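Naming follows writing order (A, B, C and D), and every chain is counted from residue 1.
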């Protein structure tokens, strides 16, 4: 069904259940959907698995969700950062599970979920501890690791502009994980800087077609 | 290395060897690089494997290359069309080999070649004659077929506009296979309607970054 | 109307439907706002019967969402065609994408419905629509197998019998398969039929009774909702 | 200059190089027009030594080609950062793409060179640069493993010994691996070394002789081109 534009972020995140897998966009703070995460904190879902590149920065966005102890398990590529102190504390206290996935494999596993690929052989990480226990196969003389899709129940992403059908464009490197996560979750909720009338986005420049987007809300009240 | 802009199509196709695998863009005539194919005919390479969605239309482009009997083997999804009489005649005379691949699998196998994926499990075609002899595996209750990358020695593609670094944009549904083939071949040659100065294409709207493009030539002399 | 909900009991129209009437029935059953791919040939007719306010979004596998009607006169642009290579138009809110993205969308289950033609459909939903299997035929599959595995629901539009009178809804396909257990519903000249885990259910018939139809098909048929 | 061609014989400079001098050496060896990814930390310094007319195109794995220098003052835009999350700028001819496309580019072998830091490099080119293996360390891999398998050539920039004097070029890595047999060349404070199928070849040394270096590393070393 075509996307619906919401005025209220709390309405936009309704229905997220305890135990859900939530894909959270952003590379550091660029592209992170802070308004949606704040709404998710108010909404109250807990025991979440969060898939995101990082483990939160400072006290905002994903870090705030972690601080509320709503996240049981984090799947990410680069948790340790200068300002990831919220995550660091939880991890060292044994209060959060961590699965580290190489960044490209993280993206490709979500792409596979969105693209109907059942599994894929990937050379990244072969012979390292991140491939331990995984099926491998030598193809063309090179060891590949069999990787499975990562599918979300919900994706929370940040974009730059949406039209009323949910077509999205992004801005600069804030694009990062948004377009991939939008394909990989059952319910996709996008926070955007502005909503424009349908027909105002160049069809050649659409990055995420509206078919992938269920709900849109503006980053700040207009 | 960054792309080079050629004035002469014959120079742009230099070095294509007998026995090469050539990826040829286009869906029907939309996006078909006719000027490059004409130059390839003059260049003379033979015993080619051509990978393209269709098997040529009418007498131009890919059909003209087939008519010159330069193609030993064609890998495509939809050879039979109202105006594919050149191919039809060669096929019925046993003078060309044909591998039929589902259209999405054709695209995904080229994407895999460009993306460093060794192989992937794909549900398309499971239980059909196009999967005969291929490895299969049931994943999440569904039969998947193991598909391998299709890599080209050369890709000939059509695009709309290039800058001097080889960044490409396409036009409407003529985009089709160009962006995928551009990632999947050792040497990528693009025919474009116009070449603009670097900086004149919006970085947000680039479809094929110049890293994938080796040679650019205009569709018609300026 | 929700296509998962059969109409109450099976309707009986007086005479078989032509292609246009079949297309109108399909259009009626496509939910508001659905994302739909219409196969080459007869399914293309469905577009003419979609109400503009139904906000149905058409996908064409050569790389576009929000495809508009066939182009006429000055609208014709060789860079803008549908999967049948017929010039078409673009509606507001359209998006273009390349083939890997287009088929990722399809195979990934993002299209709600596809409508395809068929040579044969089996009672368990197998589809044969790409290859007659004749030794001199040139096989051409295009996106048919991708649509068969990928679309949320697969609707087939076909006559229920060949010109020679052979059933096209069969216990087991004799033509090469396009996909296994993928068809959800058949819209035909004589009946609309749901392929369900319980068997083939008749939603509506046109100019023929359920029992007579079952006899001609040599298949058990159930009335929908029975 | 073609990085595959060693300079004639091994040069001997009088003293060890600092990070900036190492970066200058790397920059010297990057061919004109190459597509290059510079890892987080010390490798970032290489950008300052690339001549503008060398037309080297920088890739940042968070989704951009033709990245410009660090942003200053009004140029700072939170939507435009490098992989280290430092605000950067955009050069003419830039392109943005999403993470699956960015890593497809990387893993697919389209980058000519990546420059990475390292904890250890083995004599057979294994790389360890993502995890100390300490039980209280929080592992963070980012794009390091993807770069290790994907780039045409992997250059490492590191000091050749730890602060405690332990060699970082080792027969076999003791830290968890980032990739196997992936490093092509090491730029260090004391020497530039090629990892080849024949063994470790010394291209240049700085303030130390080849024999002394081999002794301290407890590794056989060959002069390049010998």
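Please note the rule applied: a residue touches a chain if its C-beta (ideal position, glycine included) is under 8 Å from a C-beta of that chain, and two chains touch if they have at least 3 such contacts.
Bear in mind the structure is a predicted one, so any value in this text is a computation, not a measurement.
Asker: Can you list every chain in contact with both chain A and chain D?
Answerer: Common contact partners of chain A and chain D, which must touch each of the two, are B.
Asker: What is the graph distance from chain B to chain D, where chains are linked when they touch?
Answerer: 1
Asker: Check B-C against A-C and say which one is joined by more contacting C-beta pairs.
Answerer: B-C
Asker: Can you compute the centre-to-centre distance for chain C and chain D, using the mean CA position of each chain? Integer Å is fine.
Answerer: It comes to 55 Å between the two C-alpha centres.
Asker: What is the distance, in whole Å, between the centres of chain B and chain C, each centre taken as the mean of its C-alpha atoms?
Answerer: Chain centres of chain B and chain C, defined by C-alpha means, are spaced 30 Å apart.
Asker: Taking the mean of the CA coordinates per chain, how far is chain A from chain C in Å?
Answerer: The separation of the two C-alpha centroids amounts to 35 Å.
Asker: List the centre-to-centre spacing of chain A and chain B in whole Å, with centres computed as mean CA coordinates.
Answerer: Centre separation, chain A to chain B: 33 Å.
Asker: Among the residues of chain B, which are close enough to touch at least two other chains?
Answerer: 108, 111, 115-117, 122-123, 170-172, 203-204, 207
Asker: Give the residues of chain C touching no fewer than two other chains, as numbers and ranges.
Answerer: Those would be 64, 90, 96-97, 103-104, 106-107, 149-150.
Asker: Give every touching pair of chains, nothing left out.
Answerer: A-B, A-C, A-D, B-C, B-D
Asker: Within their complex, state which residues of chain D touch chain B.
Answerer: Residues 31-35, 55, 57, 59, 64-66, 90, 92-97, 103-112, 149-150 of chain D touch chain B in their complex.
Asker: Using the touch rule from the top, collect the residues of chain C that touch chain B in their complex.
Answerer: Against chain B, chain C makes touches at 60-64, 77-81, 85, 90, 96-100, 102-104, 106-107, 131, 136-146, 149-150, 176-180.
Asker: Tell me, which parts of chain B touch chain C in their complex?
Answerer: Within the complex, chain B touches chain C at residues 27-31, 53, 77-81, 84, 87-88, 91-92, 98, 100-108, 110-111, 122-130, 143, 160, 170-180, 207.
Asker: Along chain A, where are the residues that touch chain B in the complex?
Answerer: 108, 112, 115-123, 137, 139-140, 142, 144, 148, 169-172, 202-205, 207
Asker: Within their complex, state which residues of chain A touch chain C.
Answerer: By the definition above, chain A touches chain C via 1-2, 111, 113-117, 163-165, 167, 183, 198-199, 201, 203-204, 206, 209-212.
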